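Just so it is clear, A, B, C and D label the chains in written order, and each chain counts residues from 1 on its own.
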Amino acid sequence: MSERILEVTGLTKRFGGFVALDKVSLHLDEGERLGLIGPNGSGKTTMINCISGALINDEGRVQFKGADITGLKAHKRAQLGIARSFQVPKPFGSMTVLENLCIPLEFAARGRTDPGAVEDQAMEILKMIGFEDRARENSAGLTQVDMRKLELARALAAKPALLVSDEAMAGLSASEVDDILEILFKLNATGVAVIMIEHIMRAVMRYSQRIIVLDAGQKIAEGTPDEVIHDPQVERAYLGE
Amino acid sequence: MKLDKFWIACIAILILGFVFTKNADNEFYFFTTYVILQGLVMAVAWNILGGFTGYVNFGAAGFFAVGVYTSVALNKAFGLPLPVILAVAGIIGGLLGLGAGYLTLRLKGVYFAIATLATALVIETIVNNWKYVGGAAGTYVLQPKQSFIFDNYIELLFMLMLVLSVAAVAISRYLSSSRVGKGLAAIRDDEVAAECMGVPTLRLKLISTTAMGVLMSIAGAPFPFFVTFVDPVSAFALLIAVNAIAMPMIGGTAYWYGPVIGALILGVVQETATVTISSELNLLIVGVLLVLFITMAPQGIVGVYHDWRKKRDAK
Amino acid sequence: MFTFDLLINAVAAGLMLGGFYAAVAIGLSITFGQLDIVNIAHPTFVILGSFVAFVINESFGIDPVLIGVVFMPIFYFLGMGLYQIYYVSFEKTGQESLSGLAFFFGLMFILEVLMILAFGVDYRLVSAAYIGETLHIGPLDLPLRMLIPAVAATLMTIAVVLYMSKTFMGKAIMAVSQDRLALQLMGADPIRVKRIALGIAIATAALAGALLIIIQPVEPSVGRLYIGRIFAIVVLGGMGSISGTFFAAILIGVVESFIATFYGPSWAPAVGFGILLLTLAIRPQGLFGRA
Amino acid sequence: MRSFTIRKWKGRILASSLTITDVEAGYGSVRVLHGVSITVEDGESVVLLGSNGNGKSTLIKCITGIVRPSAGAITLDVDGVTTDLVGMAPQDIVGLGIAMVPEGRRLFPALSVEENLVLGAFRKEARPMIAENLDFVFETFPRLKERRGQLAGSMSGGEQQMVAVARALMSNPKILLVDEPSVGLAPILVSQMIAKIKELKDQRAMTVLMAEQNFNQAIKIADRGYVIVHGEIAYEGATAEDLSNNDMIKEYYLGA
């Protein structure tokens, strides 16, 4: 029986008069793979901002591993084990790939890292995702797919219990999408729970055990990929009325 | 602790400086070096915030003057010994830096820079109206009679500024290579990503602004005894604010040794220009160099050197 | 002593001072507010305008206001050239914010020192028949050396407001920082729009400088006193709203005048900076902001 | 030089069409379009369909010069004169009579509705007709006339979309590109907006190319259309019926 790792209850977030999220609840079990989908502007990114602490929700609660983390700052949440990757990669541009990984290892994962040099651990993570040959390269000069890999490697270096992946595959070619998927599967195999936000349906459907569909700030469907696809409400959200 | 090259160099510099005071007679050398070193401390301090953290401070002269006038006031009121004055100046400068750190919560980039400029000018107005420390007219400060183990007071001030320089460089070097320094670099590269990677951004920024404030204020504290007559024009001198920015920018802001190189080169050029040509031209040189480096070589001398080495290695 | 006469004279002096401040701030309102270019050297261009007025007034005895107006086109081209340098060096490579700031900081010194080299650090004056004359209306004293700059500045503000609201280019200038791409989709070249905008901004400095030297004697570093003041006015005025800038300028002028009358002139410079700091800390969008 | 040739066409434009051949494009090293070819003939309404992130918007952006294709050709034919659009700046392409209603509307939020509209007439050819065009859009969208003095940023989403469409019309375009008009609009407004675009197209004899993920609304105005999946044309529907009767559509959208 796996434990509840994340529990979001009645979360509401407004921007001025605009309600980006309206009393949305979701939960995630340890090691689970959850897909979060919905048309543009449905509130997906706002949701993960509220989970990772980049935004603080107006109403509702966010619990992580049974503790209430609503209102906690983003770096505290990262230290507790919530990692995220960004839709538009945000590498630390003055640093090498390896140094990029040292930041979460030394800050987010501090106290949870294994003994031994931080750089060795960073190197191990790079090896795991097949990225070790880029370790000494400057991160600002990477290609797009490599930047996405770096995003994931860096999130991994935070030694998270939960990874929120924000459109890690947008704009990549089919084979590159498969590369990223493989990394995300590997990651999940180490016991990390994953919330995946993605527009590339093929990828979300393949990856997710369960899918939640948002539309206009509300949860309109939840279930297995197969259930969700055949949900008439989802069809309406995507194809229109 | 094993002594590495850096600490050996520091000790060697301090010893050399001391030997210098025992052998050189011409006070001119001490005056000149003091000015260069004062610029160096300011540049190194500026770079902790501007170079490592990415927040530009236009109000360097304000922080410097806080040290200057803390010193003037304490000396006049209690006649405290110099070390105590330095300590108090450091604390006040640090508090001001801490305040500037909280400003970063609301003000990013350009607005932060303008706010620091405004802060400096508010301090200037207050000083202009503070009669006790001489107001706009200025005040005389007497150098203490005894000069410790030195032959005269300027030698003592020179040695003090040398120690401060070494300390500032050591602090800056420590900050840049430590965990704190990595966190600061992450903030400079991308503050949002840094926060999400567990970097306590606010705390580190506060450390950065406070260290900057302490160092700048301490750099100003001996100034009244150095010039013996202080007025707002000299304490808030334009050159201090420009040099604090120009020296790191010209040397290179990404590494701890960038501002040191910039300060030494620009300092020597300036002192030479002041003596041989004129002090106005000196300002012009700083301005032109600053603009040239910003437009042509934004990474400074250190950056140019690194590029050159990379190219050479590639061949 | 607080008397009614003192009060209305303080208000009148403040209004005139504020009117003049608008002339200095309007250029920055365009550059900083509309173009996101932090031209910290703007006051130095104003001083340049003062020295142009000084030199020509001394040599030919021409009225300083007229000199200011005549030199506006020349400053306009200066501003266009400046934008071109700024664009190529910073905007194109995407490092405009901090490097650009340092660039103008350096430019400020270069200009200032060049003026020191050319004119020295002495205060310079212009001469005109009306300087020294005062208009008396009841208890009200209106020195012409204040009144004329205030009127000229107000006329210039009106002209800029009309240009901004009535012409295609003016509207494009208002729009360019809001959405550069959308402006391209309207068929306008944003680089050309910005070049013209900075040209206009620097052109206003020519007249503002001439007005300044009518009000008070000028030396090269006087400009620095205006940095905080005009940034305060522009931020307070809501970043780029020309009419907002004008009212903010009047407000600062009146407050400064009160402080100078009732507390002493040496505290007046802190008003601008103090208000600026407060605004930045409490309401960064300004008092007269449109949005 | 370009504006010189445009002036020659003014007033006697007969036909305008777009031909896009093997376009590849992306952002930085992200490749979004992998060899896309489409045509838009004079007077047609063509829709680009497909769910988010598949490249519809990127294709529209390539046409207006916002994104520069790394390969392929985009040509505009006006009255027998062919212009290669690749490499031209957006403002010059707009100058040729192509207007775009961008995704997310991209109004100038701190300008009034009327100021936004007037800016739409910035291009030289549109300026002489500004009064009649303004009358026309106010007639079409009476709501905008009521709110002409209001700041565009303070309007509701539906009203903002009206301003965006009206603003594009102010440039007197021959070809209207519409990028995701449904984003952020309530379903009822989406349907109204799309009907309006259809109406406008007929009134002003424009050529329309629209990228829209809302399939069921988009095909209402389509003469024909394309489904883009993962940067490639997955399906080309020669008629609207062709598209709506295709049982693969759901698969294209949801990847089932």
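Just so it is clear, a contact is a pair of C-beta atoms (placed from the backbone, for glycine too) under 8 Å apart; a residue touches a chain by one contact, two chains touch by 3 or more.
If you're wondering where the values come from, they're calculated on a predicted model, not measured in any experiment.
Sorting all chain pairs by how many C-beta pairs they have in contact places B-C at the top. Centrality by C-alpha centroid: the chain sitting nearest the overall protein C-alpha mean is C. Placing every chain at the mean of its C-alpha atoms, the farthest one from subunit A is found to be C.
Per-chain Cα centroids separate subunit B from subunit D by 56 Å.
Per-chain CA centroids place subunit C at a distance of 42 Å from subunit D.
Per-chain CA centroids place subunit A at a distance of 49 Å from subunit C.
Centre-to-centre separation of subunit A and subunit D, using mean CA positions: 34 Å.
Across the assembly, subunit D contributes no residue that touches 2 or more other chains. Here the touching chains pair up as A-B, A-D, B-C, C-D. Interface residues of subunit C, counted against subunit D in their complex, comprise 165, 168, 171-172, 174-175, 178-179, 181-190, 290-291. By the touch rule above, subunit B contacts subunit A in their complex via residues 179, 182-183, 185-186, 188-190, 192-201, 254. For subunit A in complex with subunit D, the touching residues are 39-41, 143-145, 167, 170-174, 199-202, 204-205, 216, 229, 234-235, 238-241. If you check the complex, the residues on subunit D that touch subunit C are 64, 66, 89-91, 94-95, 99-100, 102, 106-111, 115, 118-123, 126-127, 151, 153, 167-168, 171. Residues 54, 56, 58, 103, 106-107, 109-111, 113-115, 117-119, 121-122, 124-126, 128-129, 135-136, 238, 242, 245-246, 249, 280-281, 283-284, 286-288, 290-291, 294-295, 298 of subunit B are the ones touching subunit C in the complex.
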